[in-house]
Structure formats: structure tokens, C-alpha cells
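Naming follows writing order (A, B, C and D), and every chain is counted from residue 1.
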Amino acid sequence: MDLDLTPEQRLLAETLDDLLDKRYPPNERLALLRSDDGWSRAMWEQYAALGLLGLPFAEEHGGAGMGAAELLVVAESFGKALVLEPYLPTVVLGGSLVAAAGTQAQQAQVLPRVADGSLLLAFAYAEPSSRWALAASGTRYANGRISGAKVTVIGGDRAHRLVVTAADPSGTTGLYLVDAQGVRRDGYAMQDGLRGADVVFDDAPAEPLGSGGDALPVVRRVLDLATAYLCAEAVGAMERMLAMTVEYLKTRVQFGHPIAVFQALQHRAADMYVSVEQSRSMALLARLALAPEQDDDARHLAIRAAKVQIDLASRHVSQEAIQLHGGIGMTMEYPVGHYAKRVAVIAKTFADTDLLVTELGAAGGLT
Amino acid sequence: MDLDLTPEQRLLAETLDDLLDKRYPPNERLALLRSDDGWSRAMWEQYAALGLLGLPFAEEHGGAGMGAAELLVVAESFGKALVLEPYLPTVVLGGSLVAAAGTQAQQAQVLPRVADGSLLLAFAYAEPSSRWALAASGTRYANGRISGAKVTVIGGDRAHRLVVTAADPSGTTGLYLVDAQGVRRDGYAMQDGLRGADVVFDDAPAEPLGSGGDALPVVRRVLDLATAYLCAEAVGAMERMLAMTVEYLKTRVQFGHPIAVFQALQHRAADMYVSVEQSRSMALLARLALAPEQDDDARHLAIRAAKVQIDLASRHVSQEAIQLHGGIGMTMEYPVGHYAKRVAVIAKTFADTDLLVTELGAAGGLT
Amino acid sequence: MDLGLDKDERAFAAELREFFTGEVPAEIRDRLARGEHATREDFVTSQRILNAHGLAVPHWPVEWGGKDWTPVQRHLWLTELTMAHVPPPLVFNTAMVGPVIATFGNQEQKERFLPATANLDIWWSQGFSEPNAGSDLASLKTTAVRDGDTFVVNGQKTWTTLGQYGDWIFCLVRTDPAAQQQRGISFLLVDMRSPGVTVRPIQLIDGGYEVNEVFFDDVQVPAENLVGELNAGWTYAKFLLGNERTSNAQIGLIKNRILRLKRLAGPLLDGEPLLRARLTTLEVQTAALEMSVLRLLAREATLPPGTPDPDSSVLKLRGSELQQQASELLVDVLGPAALAYRESGDVPDGFPPPPEGAVDAFPTYFNWRKASIYAGSNEVQRQIICKAILKF
Amino acid sequence: MDLGLDKDERAFAAELREFFTGEVPAEIRDRLARGEHATREDFVTSQRILNAHGLAVPHWPVEWGGKDWTPVQRHLWLTELTMAHVPPPLVFNTAMVGPVIATFGNQEQKERFLPATANLDIWWSQGFSEPNAGSDLASLKTTAVRDGDTFVVNGQKTWTTLGQYGDWIFCLVRTDPAAQQQRGISFLLVDMRSPGVTVRPIQLIDGGYEVNEVFFDDVQVPAENLVGELNAGWTYAKFLLGNERTSNAQIGLIKNRILRLKRLAGPLLDGEPLLRARLTTLEVQTAALEMSVLRLLAREATLPPGTPDPDSSVLKLRGSELQQQASELLVDVLGPAALAYRESGDVPDGFPPPPEGAVDAFPTYFNWRKASIYAGSNEVQRQIICKAILKF
């Protein structure tokens, strides 16, 4: 089996890496992080121009009609540059949910505007005490209106429309489109600087997405895609942390030598390399699992297994990256800590390692 | 609080260490290991002569009337030399059970003969599928007779009398004295070379120990003492593994240098030291918990906490000791592997780490 | 587990506990208990209350406000104080420059500085590390050139904790550029309000401003501010760093964190066996660390002051690891609620309030990565241990 | 998880699986499945069956019995074979000396040795390590002195795995004592029945005899047994050691162990969340390792034979760690039932039979400590990785 990227995917990766190397140096990223939006509208337009914002959508909806693999290429490049723009909430979560569950009319209404960059989406599912559960309970839909509260909505601060889970009167979790105008939002930076919001719905007008019924299977499927996206992003971030650490070891002089001569540090850098490589392998497994011919359950297990590996590895790599840098690695001005923050947030997004391991074990593992 | 040994305890430790340095060099130990008994009758007489076999028993029963602290001094010295004699089953388990639960007559009958070295005991409680449970189920007592099977009876191959847990007709677990003549035994070496046996009771004559009733509280108390004993023994073993490793690093030459110059190995030796020191601290906690004024529940938690620390540390220390030795560390002819085997067995004696951690957690931890 | 203490020691600890909870304002202690940082005012208020009761500098010489306590008593003082969520007496004052001045300073310096230092009338900063002198402190480059009655100081210090509040800074400066490494370094006290001193706060990845760069640009320092002998500063620095053998374990802090973890996790633990097992294992390891502290204290009396001890490195190493583990567990307990970065727990009307810990879980995790870096990185500690056990 | 394979590769694997389970006696495979060691006879029987079907040495040149397979096919061959509990073709024959003779030997050597080596008519042993040349192999001291048409060999080799069964041994010997380190070493084939060869088995801590010391005391070796050029043996050894980039991961072995762990643990796992979490994590890490194997195989075609690759070190490192973890988990699953040391599961009449795994759990744990020591210790592997990433 060909495990490599296709030439087109490779070109996409190179194009993006070039663009981000130029347009996303750490100091400019830091300025964006401190800006009002927290990210760059200009970059967003660039992504639209490159076709990234419609990458997975059908061509009839202004998309490029590509598959999950291309999304993961974007993710890894974005992970390397620690991109701040709301690609995950708008394209990967919101867009995919509309594409998967929306009626033709909804898709035609939403997706072209996502693809051209004029519409930002977010997916609101977590509730104040739901921890990692997907089913809606405190947010309720009835008669075209939603009431309740959602928390930690990634990209929820600037999204124009929200895809929202809510329990209908029968208790079934459905998906609804809600215009952000009709809700109250408390926007904030997340721990990694990316933006999010808590959202209060007070009889907010809501339109069922698609034909109704239990939305949890489609939510699970889209979260699997988003989890694989996070895995690829984390691999990009880990690769950079390793590269920065190696570079630092070679240039930082203490006791009259570059500290790379100290064998204890060498071996720890080697262990970091091992963690990165194993993670790259599991990100590949996640990519393969997303092939259309795989069945949903096998895909779900494989992607969640990938996340376990990547969360364990990224904790190891990020902690060692800071440690081997010493004090400088703990400062906002130096990039390595930002990568550490991003992977720490990824490790707590959609599920934590304990939950993933417990559920995998209960399902009988991978075999 | 004075955390040190008393001068008398220190003298005991020095006397024992001296004796064992002389009488228990690794090659003689290896010969004993391969002998029929698996240990030395001559050493047993020595221990009797030194008063070790009656250490914790009342003077009226030929004992020295000392406390648990002295037993732990013996344990640590025995751990350093990897002593093979059945001190744990005879004195710490069997003797203590008789002392704690036996009638005056039983104590008078058994303990002086333990103290003078003429009587070997063992404690038979584990059943084929009981895993770590203490309650007897498959072994049943009625009308002065026991039937059933016990497994992994430490020292059970040579013991003259067995202290046995069995369920009486009401299902209560009691303690019984059984003459080894009346049972069938399948003796074997354990994984660390110390001896044990499976025992089948086929209407074996049995005498209730003490006044009957639920024996589990006294069993728990004695196993707490024995667990503390194992902790001290493991600390002695770890100390030796560290010392051997340090010595080896300083003398083994590769690439033109003693391998102690390699910083990656230095740091791993340092981490071994940390593990040994933390274990020593927890062995001390276990010793303090055995003071008569402590209540049973606090003692139980403290000793089991000590075992958690010591099991984790001894796994780390033993694995690293072998690794840093390389191939030689894996041979029977070299002592370090024998220490590794002993601590591996200790980690699976009376309870494993998972069980200890789970029960400690369920009890609300240490505070 | 206070099995390592005798009856008198327990009574001593109880008395201190009563004092700390009774005399230090609950408002301050509650804030710290909630995971917030002590403000400058909190430090000052608390240290002055302690000082008024003779409890700010118990380890100083009695004539300068110290107590003739045993090492265990001093340990209990710090642990109880921490566990009562009292802001600790400023370590730069009480554990660092104070003992140096008391031991090596002249009478004028003692009279001028010690009472003010004990009462936190002077807020001291530490000027040791430099951008190119971290683990390798002896390679420091900040110079002090004698010019008549003054030294002229030029250079840069970094990682100066809470330097933004500093009144004075004690510095290691190179006074003999020709001398090798550790020789030629002196211990100099500098008024931070002197012209030419610039403090630049550094933002850390937790979002806070805890450390600073301090720049010296032709700063004039009266020669009388030299402590001890010229070019003997390395000795004083070693004394200072070797002085606190057990406080680096920060046992009170770790125990506080464990108690808080249990409180915040509550019934969650029953359904999360993996989390509970990690927490329990942390508790066990903390008990081991605490007993290691007591063991070292027990032989402290036999060691001359300033003697290094490998077990002191063990305490630093384990202490930092356990603090970090505790900080990770708090993130685990909070879960998704920890993801939003918030300055406080206040939310607009009608929004769900974040649970306790949501504000500080991640920042604490990020911030405490420092514990294995500062005060002699854990790699340096391993090196010290090696040296002791390999006898190289 | 066979997500990394395409349809053809899966079919290829299935075909092999069918062959292995159909053609290799169940009696042998069942014994291995129960955790017992393969006997000498098992190795011979199995390898001859494979050889008869052209499946013993697929990675050799086609003219000597090899197959023109892709790297992935070769990997599947080894993995399926292992997972079917077939004793692997003897690695010293098929992966070590065979390829060296096929690549560097002369025609006479090829004809004389290769067919017999493929068919296990000759049982080869490896004579590389010496008591003072372990990780530092280049410091080896065994000498071969040319004397007319023979070499006279003196010295000692050690850690010779299964050397007690050996017919011949391939040795690294020093032929030019004046040359530095790696230069001056030759690759020599020695008949172990020659006078002066003594084999002494070494008992390992698992109780078994797997490795040996081999002593050479004025052993006469015909000069025609020199492979390749004099003093060029280091090159051949490097070729030999660098030849197998992915088999060191031993992925089939680890997967077998995981399957067995699950089978033996059974319902125990439901009540032991900590154990189950460790097992699940091991499974995840094994999936990562397997995918790493496939990634390296995918680019194997682009690497010249014998080129070292840091990712090969990653596979060795992780493979050995995961094997060791699996062996620890088996001990955890057996619990107290693992404590008795038994040669077999047979017990006297009326005694409770030990559960499956009781016999081999602890011995396997002890034995597999070797995995991080042999074939280039994990410290050496880390050094190789460092060199590649630090580009020192």
C-alpha cells in the first residue's frame, strides 16, 4: 500500500508550509494572538483563495471535493505554524456537520459561503457539566427555539452561525443551525490562545439541520474526523518542538560547550524523536482509517487509538522541549511554550486520555 | 521524634551484616539455592543462637520480647544478603499468628520451639482462584478436620506445622494449626529461589488456633507486619543493587573508559538513588506505623502505602540495575539478577500494586 | 500522615496552625486557597504580622529576630504556614540575603538591613542568573568596576522573580575579570532605584508576569554595599544556596494541592479509577518525600551550615516532579472546564460560572514547569547526586 | 489493525497464514503458543518444511533460494510466521551468515554453505561479543594468526545464543593486532567440532540456558574459511547488523503476546481497570510500532542495503520496550499463580493445576530483560538516533 502523500497532497503541503513560513513567523503570530480577533482576516482570505476553506466540500457547493487526507495535510502544516484562524470550527466541524447532515438547501446556503471565507461556523455541544458526553441534556429544542447554555465553543466568539446539539422534547439529541445574532456570547481566549466562547441560548431561533432524528452518529463521525485533524496538527507541532529543541541544544553554550555534548540530554532528545515518530505513525493510521471504505466502528477505534498515542507523546515531547530549553522555554516571547500550550489543549479536546483508553479497553481494544 | 535506630538495634544490624557478609557470599548462596532444602540448617541454628528466631515473642515463651522494629532490622539485613532461610514463614507469619491468636497453651507449645529453631512454620491461606483474597472459601473446617487445597505456601515444603485459614460451617474464616504430617505437599522453588509448596488437605486433623471466631482481623494485622517486613527486605535488596551497579559502572570499561563517565548512565544511576531513598523513607513510615500506639486502620494504610512506593521503586531499581550491567546482569552467576528476582516476587506477595493502589484510593487515600 | 512527629512536635505544629489561621487575614488565605497568586500587598501584610510575633525569620540568629528552633521545628513552621495558605515570608529576604548579611555582613550592614529585611520594609530581589549563565552560573558576566568609593555595575540579570516589586537587589558581579570562573565574583547589594537600573517583566506561558530581566547601565553602587570580602562572593552564594536543604521539597505546597485535588474531584473519583490511581500514587510518593524531609532534618544538626548533601538534591528533584504531577492532575480533574483562559471566575450575568480550579488549573500546570528548571535544574541535581554516589 | 496493507498484501498474508498453519505441525505451534521454548528439533523440522516450500530464506538472492519479494512481503512473511507460532528460521543462518556469504563469499563458499544453511543442515552460531567487547564490539580480542593454510584462533566469545546446538560459528577475529580498532578484524567461519573449541552454557536468571561462552584454544581453521577480504570483517559485520531494519521490532511476537494476554486475562479485565488501561495502552503503542515498521518498509526500497537508518533504532528501542511491557503484564495477569517456579504445568495427582501462563510468566519477564540489552543495547540505539538528529 502506498503510505505516502500523493504528489498533489505533497504540493499542497509545500505550498502551505511556504506560505506559513513567510506569513506566520512567531513574532507576527504573537501580535495576532494579542489582537482583538486573535487571528488574521487576511490569512483567512488567503486560505479562501487557496481553496482551503472549501477543501472537503462538493464542487457544486464551491468546494474542492477533496477527501479527509487533504484536510490532514492542512492540519499538519497548521500545526507546524500554530495557525490561529478558526479552520477547525468553521471547516472541519461546522462545515462537515452541514455537509453530512444538512439538507441540500442548507448545504447550498452554507457551504459556498464557508468556502469563500464569508461565513464562520462553530459547533456548540459541550454543556457546563457534561464533561465529555456528546448527548445534549441541558440545552433543549422545541418549536423552532433553543434554550440552554453551551460552553467551550471553539471559535464561538466570532462565528456567524452555530451548529448546536439540543435535546428535542423526546430527549433525542438533534443538530440545529442557530444564527449567532440570536444568542448571547462570552468570548475568550482558550489556554492556547485560540478563541472560544460560552454561549447562552434564550429562546433563540433555531433551524433543524437536515431531516432530524438522532444526530449522535453523525456527530461521532465528524468528531472522529476532527480528532484525526487534531492528531495531524499535534504531529506538526511536535515536529517543530523537536526541531527547536535540537537547534537549541546545538547553539546554547554552558560550561564551555554547546549543551548538545551532554549525553544525558542527547538521550532525552532521542526519546523525543521516538515519541514524534510513533505519533507520526499513528497519525498515518488515522488517515488510513478515514478512507471511505473503512467501517465506522473500526475508524472510530483507530482514530481514538491514534489520539491516545499522540496525547501521551505530545505531553512527553512538550514537557521535555521546555525542560531542555530551560527558562527561555517558559517565556511567551519564545515559541516553544506556545506549541506546548496547543498540544496540552488538544489533549483535552473532545475527550481526555483516560476516557479514550477506558472506552478502547471496554470495546476490547484494537483487535 | 527520633527516627534513628536505637543503639541496640544498630548493634543488631551490624552483627547480622557482619555475619552475613562472612557466611552468605553469593557463591555459597548459589550453592544453597541449588541444595535440596534450598537453605542452610547451619545458618538457622546461628539465627537461633543469636536469638533471632524468638525475637518478637514473649520471654516466657523463649523469646526476646522485642518489637516489630527489631524484626525490620533483621529484614533489611536479610534483604541485603538475600537470605534464603524461612524466617518470614516461620517467625513473622506463623509465629506472629500463634502469638496473636493462639491460646496460652498453644503459644507455650509452639513458640519456644520456634525460638530454639526446632520447629518450622508456614502460613497457608491462598487458594487456587482466590487471587489476593484473604477469606477462605475452598478450604473447609469441620469437626477437627480440614479439607481443600492451599497454594503458594511460603516455606510450606519444609514446615512442621501449618497455620491454615479455613471456612467453618458458618462460612467464617478461622485459623487452624495443622501438622504437616497430615497433609500432602508439592514443594517447589519460587521464582526467586525461596521455597514454597502447594498443600492438599484431605480430612487433615486440625486444631483451632485460639478461641475461634472471625480470624480475618488478626490475619490482616499479621500480614501488615509481614508486609512491612517485606518492605524493609526490599530496601536492603535495592541498596545492594544500587551499590553493585555503581561499582560496575566504575569498573566496566567500554570505548576506552569506565562506563561511569557516560552521563546518560550517570543520570540513570542518580534516579536509582532517588528511588532507593524514597523507599527507605517509606520503610521508615511503615516502621513508625507499627508502633503499638497506632491504630490498626492507620497502620494498615501506611504500610500498604509503603508497599506501593517500594514495589514501584524496586521495579525501577531492579530493571535499571540489570540494564546498566548489560548481559552479565542477566546471568545466574552474577548476584544482581537474584536481587531483581527477589523484589519481583515481593511485589506479588500478599497483594499487587494495582490492588494496593485501588484499595488505598477507595479508602480515601492517606489523609 | 504525621507518623514522623512526636507528641511535642505535633503540639508545636498545632500551635502554629492556630496562630496562622487566627492572625493572618482569612481574606488573604482564602485567595491563596483558591489558587490565586499572592499580591505584593499580601506578602507585605502577612510578613509584617509574622514579624510582629517573631515568626518571620525563625532561622536567623536570635539577636536578629531568630528562634532557637530545631530543624524539625523550622520545617513545621514552613509547612504549617504553607498549609494555612499564608503567603510565605519573602524567600529572597528571609532565606537568601538575610542569612548572608547576618553571617558575612559587617555590623553596619546588619543594623541597616536586617530589621528592614525581616519586616519586608525592603523587598529584595535576586540577581544571580544571566542570559548566558543559567546552570553554568559561574560564567556570569555582569561587572562591577571599583571607582573610588563606588562600584560601577554593568550587565544584565534575568529570571529575577518578582523583581518588579523589588526595592533592592543582591547581585553576583564579576569584580576581577582576570580571575578564573568562580574566583573574581563578589556579592553586592544594589538599590534598584539607582539610575541605570531597568526592570523588564517577562511574560511566562501561564500568562503571568513573575520573572524579570534587570539591566544595569553604569549603575553607581557605594562600595559599602559590598558584602564580605571582595572576590569571595561565590562562597556566599554557595552558602545561600546550600542553606535550605529541605524547603525545596515544598512539601506543604504539594500536600495542599493534594487536599484541593481531592476536594475538587469529589465523587468524580469513584467513576474514574485511572485518575484516582494517579492521585493515590501521588499521595504515596508525597508521603515518601515528606518522610525523606524528616530524615534529612534529623541529621541536619550534624552537618555544618552550607554543606551540600545529595539528599537535598533528591528533595528538590522529587519535590518538583510531584508538584508538576499535582498540577497535571488538577487539569485532569477539571477536564474541559479548564480550557477557557480567564483572569477570574467572574462571568457575565446568566452565564454558567466556571467550577473552582477552572481559572488556575492550566496556568498552574504551565507555570510549574519551572519547578524542574529553577533553583538548580533537575539535571544539575542529578549531577550532584552522581558525584556523591559515584565519588567521582 | 491491518489498515496499512492493501488488498493484495492482505491476500498475500492470508495465503502465508494458511500455509504456516496447514504445513507446520500443530504440535510444535501449540507448544510455542503456550509460551514454551522451541526445541532444537522444532527449529529444524520447521525450517526444513519452510525450505522445502521455498519459504525459509525469501530475502536471499533468488539463485540461492530467495524470493523477489517487496520489503512489505518479507515483513508479512516474518509476522505471519511468528503469529502462527512457527519457530522462526534460525536468524543466525538466514538473516546473518547467509546474506554475508551470499554477498561477500566466493563461489565455493556459496555452494558449500548456502544450501545447507537454508535447510538448517548446518546450525550456525554467532561469535561476535566478547566479555570485554559488548557495546564496544570493536575492542574484541580473539585473534586469528595465519600459519600457512590455516588460521590459529585463540580467545573467547560470549552471549552466543543457542550455541550449545551449534555446528559452525561465524566469528569476528582480530587478524591484524597492529591495526586500530575496527581495522584488522576478519570474518571467519569455524567448525565447532574442531579441537580446541569449548562451549559452556550460561544459565540466565529465567532458569534457562539460552546463551553460551565459546572458548577457542589454538583452534586450527582452514584459510579457505575466511569470508571476503582479510581485515575487512568489520564491513561485513556492519552489513549483517544493518541488514534487518525492521525485524528487530518483533511486531509479530508482541502482537501474539497481546492476544494471549487478552485471552488469559479474560473477564479479569472487567474488574481491573488499571490493568486493562495498561494493556490497552500497550495495544495502542504496538499499533504505532507496526505502522512505523510499514513506514520504514515503504522507503526501504530507496535505501542501499546495509545503510543504517535512525528509524531502525527507533524500532529496536520501542520493540524491546513493548515486549518487556507485555511480559510484565503477563505477570500481572497471573498474579500469585505466577510465583511458583515450575518446569511444566504438570502437578502430582490431586493438586490444583496451575493456570496457563503460570509456568512462563515470570521466566519470560526475566528473560526479556535481554531485549533492551542485546542486538545493540537501547543506549547504543539512542546514541545512533542522536547522531542522526543532532548531526554531530
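In this section, a contact is a pair of C-beta atoms (placed from the backbone, for glycine too) under 8 Å apart; a residue touches a chain by one contact, two chains touch by 3 or more.
Just so it is clear, the structure is predicted and the values come from calculations on it, not from any experiment.
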- prompt: Which chain's C-alpha centroid is most distant from that of subunit C?
  reply: D
Statement: More contacting C-beta pairs: A-C or C-D? The answer is A-C
- request: Between subunit A and subunit C, tell me the centre distance in angstrom, where each centre is the average of that chain's C-alpha atoms.
  value: 38
Message: How many angstrom lie between the centres of subunit C and subunit D, each centre taken as the mean Cα position?
response: 53
- prompt: Per the centroid of Cα atoms for each chain, what is the distance between subunit B and subunit C, given in Å?
  reply: 42
- line: Going by residue number, subunit B touches two or more other chains at 262, 264, 266-267, 354, 357-358
Query: Among the residues of subunit D, which are close enough to touch at least two other chains?
result: 273-274, 277, 379, 382
Message: Give the list of subunit A residues in touch with subunit D in this complex.
response: 1-4, 242, 246, 249-250, 260, 266-267, 269-271, 273-274, 277-282, 284-285, 288-289, 294, 302, 305, 308-309, 312, 354, 357-358, 360-361, 364-367
Residues of subunit C touching subunit A in the complex: 129, 132, 134-136, 139, 158-159, 202-205, 207, 211, 272, 274-275, 331-332, 335-342, 347-348, 350-352, 362-363, 365-366, 369-370, 372-374, 377-379, 382
Parts of subunit B lying in touch with subunit D, wherever the complex brings them together: 126, 128, 131-132, 149, 151-152, 184, 186, 188-191, 193, 196, 198, 200, 202, 253-256, 262, 264-265, 319, 322-323, 326-327, 329-333, 337-338, 340-341, 344-345, 348-349, 352, 354, 357-358
Query: Along subunit D, where are the residues that touch subunit C in the complex?
result: 273-274, 277
Query: Within the complex, which stretch of subunit B touches subunit A?
result: 262-264, 266-267
